[in-house]
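Structures incoming, each one as structure tokens.
What follows is a pair of complexes built around chain A, which joins chain B in one and chain C in the other.
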Partner chain A sequence: MLQSLFASDFIENFPLFAIILCLLCAVISFVLSGSGARRLTYVLVSVGMGLNCSVLLHNLITGERFTYMMGHFPAPWGNEIAAGLLEPAFALLFGVVILCSVAAGKSRILLDVRADKQNFYYILVDLAQVAMFALCYTNDIFTGYVFIEICTLASCGLLMIREGGKPLVAATRYMIFNLIGSGMFLIGITLLYGVTGHLLFPQLQETAAAAWSSGMYHGVMVVSIGLTVSGLAIKSGLFPFHFWMPDTYGTATPSSSGILSGVISKGYIFLLIKIIYRVYGLDLFMETGIQNILFLFGIAGMIIGSVSAIRARTITKMTAFSSAAQIGYIFMGIGMGTREAMIAVFFHICAHAITKPVLFLAGGALIDASDGKRDFNALRGAAHRNPQAGFAFLCGSLSMIGFPIFTGFISKLYFALSAFAFPHKSMLVLLALAVSTILNVIYFMYVSVILYSGKTDPARRVGFRQQRTFTVAVFVLVLVNVAIGLHSQPLTSLFEAGLDLFLG
Partner chain B sequence: MLTSFEDLWIHVAENYIVIVSIILFGIGFTMLLFSRNLLKKVVGLNIMDTGVYLLLVSMGYIDGRHAPIIADGITDAANYINPIPSGLVLTGIVVSVSVTAIMLSLIVRLYEKYHSLNLDEIYELRNKEENA
Partner chain C sequence: MKKTFWQKLSAWHKGEFDFTLKTTDHVDPPIIHEYTGKEHTIQALSRKERAFSGALYNVLCVLFCLILIGVLLGAVVSLPPHGNAENPAVNEVMDRYVEEGMQETGAVNTVAGMILDYRAFDTLGESFVLFTAVCAVTILMKNTKRTAPDGTPLPMVVAPGIVDYSKDNIVKTVSRFLIPFIFVFGVYVLLNGHLSPGGGFSGGAILGSALILFSMVYGEDRAAAIFSERLIKTVVLVSLSFYAIAKSYSFFTGANHLHSIISQGIPGRILSAGLILPLNVAVGFVVCCTMYSFYMYFRRGRIQ
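Coming up: the complex of A and B.
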């Protein structure tokens, strides 16, 4: 009964429903109060999760990808949405992370955002969510560009909505880097359109492969692929373009930092993977040699991001630089390009998306428990003052390090295993993993020891009652982290099946 | 393959729009990246986008054909240019207008706060504020 319900063709409308619903809620939130808009966002994200979950179940049952034609214009003219297994899975993941980040940072949003602008914050969250859904589901490269820009605008708003000069400067810097990235992406897809004359992924792939094998367009196609890939790499913060990260993540309200580092940078990376597999095709992409550049920059990012994190003097800057290192892992995997490495990449996207918001939100709560001071001296003993936040930060740190039972361990294990199947460079990958993990241990354990050192006045202790939503939301993310860490097999098979559907 | 100087000239003459748009893109890109004045950065952004739009629109244009609006009852597609790039440019213009608006509003707020449009000066003032 349930099986036939989820097998119904009607479910193929759901990705579009989710996108339209987010846009509608963003508009309605204009006339709502702050708390009303917040509730609407909760409902919206939950409904969005339900819709994505149904699409995932539908595709699991049918075992096929589906393409949804918009506006009854058949390919190659119309616009399309396509979903296999990876698209709804990541849309679902992004929904969970957004919901938990917003819920956990609720009290900080009330403090950081002006009272009459509270509802605007939730409008921006709705817009960020619609952009994420669209980046996951779109089958049209220009729609991808438009939603990249919507995502940029929403994330810039999420940064600058906090009062004060520092967030403004950070937002400007973030915006400039993002605009450079979008510009490169736009000219990249324009050149590709010039060669192929198509915008939809399947037609693009067909004509791009034909154009490549004709040998006439090698130069322009390499330039186009290089521009598109580097545009998205800049936007997601690959080394050496990670310098906006500490400013950006360090000054925003913790929910925004969580959404930006956990979800938005991953949305760009997911689109990049989709373009590599479904537009260029893996073979063509490998022939250009661009994957080697991604591989090297990824490794450099893993090491230099971690070194910068060790040198950082505040907890938020350290967590932000650690994001640069984790993005490095993901790009190293994309650069390796093997099937095993891609599974590791998907796990790492997952691990980072559910761990980093925990670190930012718990870090924010620990700063609050230390009179708003961010430096390590002031944070001494903060985990005693706010035990829930301290424990969540510890769990997040362990996951980032790659401690067993957490998702971070699974992704690092898969990276190491895939290194053995990667000819010529396996030693380099293993060495980079080892060095980066040791560096991770140094800074995360240093902070954790500081947080748990010393004693504190029991009167300054923040209890569970004062921060119920925070605790529940953060621990949902920690539990998801542990659940995936303990039972990774179902997710591995999902990613494998999803990758097969991706390849067609 | 280019075999002589004349060949090069023929290539340049055939592809002059592409060359102009790449030059425009380059100018805009460099301004956006390296100019320290925030307003010039916004100008650079718009020049960069314009370069791309010029390239896109030129791809859809076919010599000797008309704008894709049915006139005189001619429905044969061979009479008209490709309308899709023009549609994309319109979408792109909307996007760059909104991005420009957000950038300008950011600049207004930064100017109110720091009384400067120079990014280096703003960083300096912010660092002073942070250390104070």
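Coming up: the complex of A and C.
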């Protein structure tokens, strides 16, 4: 009964419904009050999760990809969206993370954002979500660019909505880096259009392969692929373009940091993986040699991001630099390009998306419990003052280190396993993993011990009652983390099946 | 007294010792900034080091830009020559847009047919890019009314060097004649978007510039009396909601191969081309409101 319900073709409309619903809610929030807009966002994100979940179940039952015509005109002429298993799965993941980040940071949003701009915060969250859905589902490279623009503008807004000079400077820096990235991406797809004449993924892949094998346009295509990949890499914060991260994530309101680091950078990475697999094709991409550059920069990011995190003297900066290191893992996997490495990449995207918001949100709560001071000396004993946030931070740290029973362990395990199947450079990968993990342990355990050390005044203790939504939302993410860490097999088979559908 | 490592570790745990500083009693005195009197937390570089790193940065920047320019120019040179019939971009996609565009979309203006019918999802996204930009600028620039401590609103401070056009007789007289014509031209471009070059984005920009000229010449208070924040919000809400709902109806019927009640009409008539005309009007309103509110926010931090 249930199976036939989810097998119905009507479910193929759901990605469209999710996108249009987000757009409508964003516009309606324009005239709502702050609390009205917040409730609408909660409802919207929950409905979006339901819709994506149905699409995922539908595709699991049918076992096929479907393409959905946006309008009356078929593929090379009209726009199209497509969904296999990975697209709805990541859209669902992004929805969960956005909902938990916004719910957990609610009280800080009320403090950080001026009362007459509250509804704008939730408009931008709605728009960021529609951009994520569209980046996941799009089957057209120009649609990808349009929603990258929405994403860039919305994330700048999410940063600078906190009043003050520092967030403004951070948002400006973020905007400059991001616009360079968008510009490079746009030039890249323009050059590609010049030699192929198509914008939709399937046609683009055929004509790109033909243009490459004709041998006339090798130079243009390498430049185009390089620009597209580096544009998205800058936007997601790959080393050496990670210098916007500490200021940006450090000064924004914790919900924004969570959404930006957990969801938005992953949306760009997911689009990049899609473009590599569905536009260039893995063989063509490997022939250009760009994956080796990604591989090396990924490893450099893993090490240097962690070293910067050790040198950081505030908790937010440390967490932000650790993001740079985790993005390095993901790009190292993309650079390896093997099937096993891609599974590890998907796991790491998952692990980082559900862990980093916990660290930012719990870090924010711990800073609040220490009179708003961010440096480590002031944070001494903060976990005694706010036990829920302290425990969540500890869980997040353990997951980032790669402690068993957490998702971070699974992704590192898969990275290590894929290294053995990776000819020539397996030692390099294993060494990088080992060094980076040790560095992770150094800074995360340093902070965790500081949080639990020292004595504290029981009168300053923040209880569960003062922060119910925060605790529930953060622990939902922690529980998801542990659940995936303990039962990774269903997700592994989902990713494997999704990757097979991706390759066609 | 020299402590062992474990003694240090236990002291660190109790909060009496910090590994990052040499000892707990000797702390470098904070550097005080000479003008602001604030503490410098970052170790200041010496003048020589700063000059060197600045020069290095500049040289590397120029070098990087030159390399990037060279690579991009090289790529453009090796692109297929412009306007050649053998080009890869001259394919079945272009043929159908040019040859069958008029029958299939009902629009004489092929560009309007392309952006609002063939590839309407992209344009829906583009109009929401504008909406996102409005939200971001509002967040950045919106000020609450500045008031003195006793609650009376403070007058606008006009910076020296800014010309006040409402006092300029030439601009005022010419604009009085021009503004109605600009409005009519804007409406013409908007309504003829499916028949001739133009459409929502260009027509909306013309209407918006007429509004900006109006508020420059007649004063912002008179403009604000007509175009209130409430009106602008309502127009944006109605236009964008109409756009999203109408287009999703068309996406839905198209994808499910259902009969759509929207007919193409006879190409060339003013009421033709299905949804393109109303969508052009909606986009035009959004662009117009975006331009006007940008101007007002940058000019005085609020619309009213």
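The criterion applied here is as follows: the second predicted complex is superposed on the first by the 504 of 504 C-alpha atoms of A that agree within 3 Å, B and C clash if a C-alpha of one lies under 4 Å from a C-alpha of the other, contacts with A are read in each partner's own complex, and residues count from 1 in each chain.
One rule holds in what follows: a contact is a pair of C-beta atoms (placed from the backbone, for glycine too) under 8 Å apart; a residue touches a chain by one contact, two chains touch by 3 or more.
Quick caveat, the model's predicted, so the values are computed rather than measured.
Asks: After superposition on the shared chain, which partner residues are touched by A:153: those of chain B (first), chain C (second), both, or neither?
Replies: In the superposed model, A:153 contacts both chain B and chain C.
Asks: Would you sort A:358 into first (chain B), second (chain C), both or neither based on which partner it touches?
Replies: neither
Asks: Could you say whether A:449 touches chain B, chain C, both of them, or neither, answering first, second, both or neither?
Replies: Once the two structures are laid over each other on A, A:449 reaches chain C alone.
Asks: Per the contact definition in the header, classify A:232: touching chain B only (first), chain C only (second), both, or neither.
Replies: In the superposition, A:232 contacts neither chain B nor chain C.
Asks: In the superposed arrangement, does A:71 touch chain B (first), chain C (second), both or neither?
Replies: Once the two structures are laid over each other on A, A:71 reaches chain C alone.
Asks: Could you look at A:183 and tell me whether it touches chain B, chain C, both or neither (first, second, both, neither)?
Replies: A:183: touches chain B, not chain C.
Asks: For the overlaid complexes, name the partner, chain B or chain C, with more touching residues on chain A.
Replies: Looking at chain A, the partner in contact with more of its residues is C.
Asks: Examine A:166 and indicate which partner it touches, taking first as chain B and second as chain C; both and neither are also allowed.
Replies: first
Asks: With the two complexes superposed on chain A, say which partner A:325 touches: chain B (first), chain C (second), both, or neither.
Replies: So A:325 meets neither chain B nor chain C here.
Asks: From the superposed pair, tell me which chain A residues show up as contacts to chain B and also as contacts to chain C.
Replies: Touching chain B in the first complex and chain C in the second, residues 142, 146, 149, 153, 156-157, 160, 187, 191, 193-194 of chain A appear in both lists.
Asks: Inside the complex, what are the residues of chain A that reach chain B?
Replies: Residue positions touching the partner: 142, 145-146, 149, 152-153, 156-157, 160, 165-166, 168-169, 171-172, 175-176, 179-180, 182-183, 186-187, 190-191, 193-194, 199.
Asks: Provide the residue numbers of chain C that touch chain A in the complex, in ascending order.
Replies: Of all residues in chain C, those touching chain A are 12-15, 18, 20, 71-72, 74-76, 78-80, 87-94, 96-97, 104, 117-122, 124-126, 128-129, 131-133, 135-136, 138-140, 142, 144, 233-234, 236-237, 240-241, 244-245, 248, 250-256, 260.
Asks: Touching residues of chain B toward chain A in the complex: what are they?
Replies: 25, 28-29, 32-33, 38, 41, 45, 48-49, 51-52, 55-56, 59, 84-85, 88, 91-92, 95, 98-99, 102-103, 106-107, 109-110, 113-114, 119, 122-123, 125-126, 129-130
Asks: What part of chain A is in contact with chain C in the complex they form?
Replies: Touch residues, chain A against chain C: 12-13, 16, 20, 23-24, 26-28, 30-31, 68-73, 76-79, 81, 116-117, 120, 123-124, 127, 130, 134, 140, 142-143, 146-147, 149-150, 153-154, 156-157, 160-161, 187, 191, 193-198, 207, 211, 217, 219-220, 223-224, 313, 377, 380-381, 449, 453-455.
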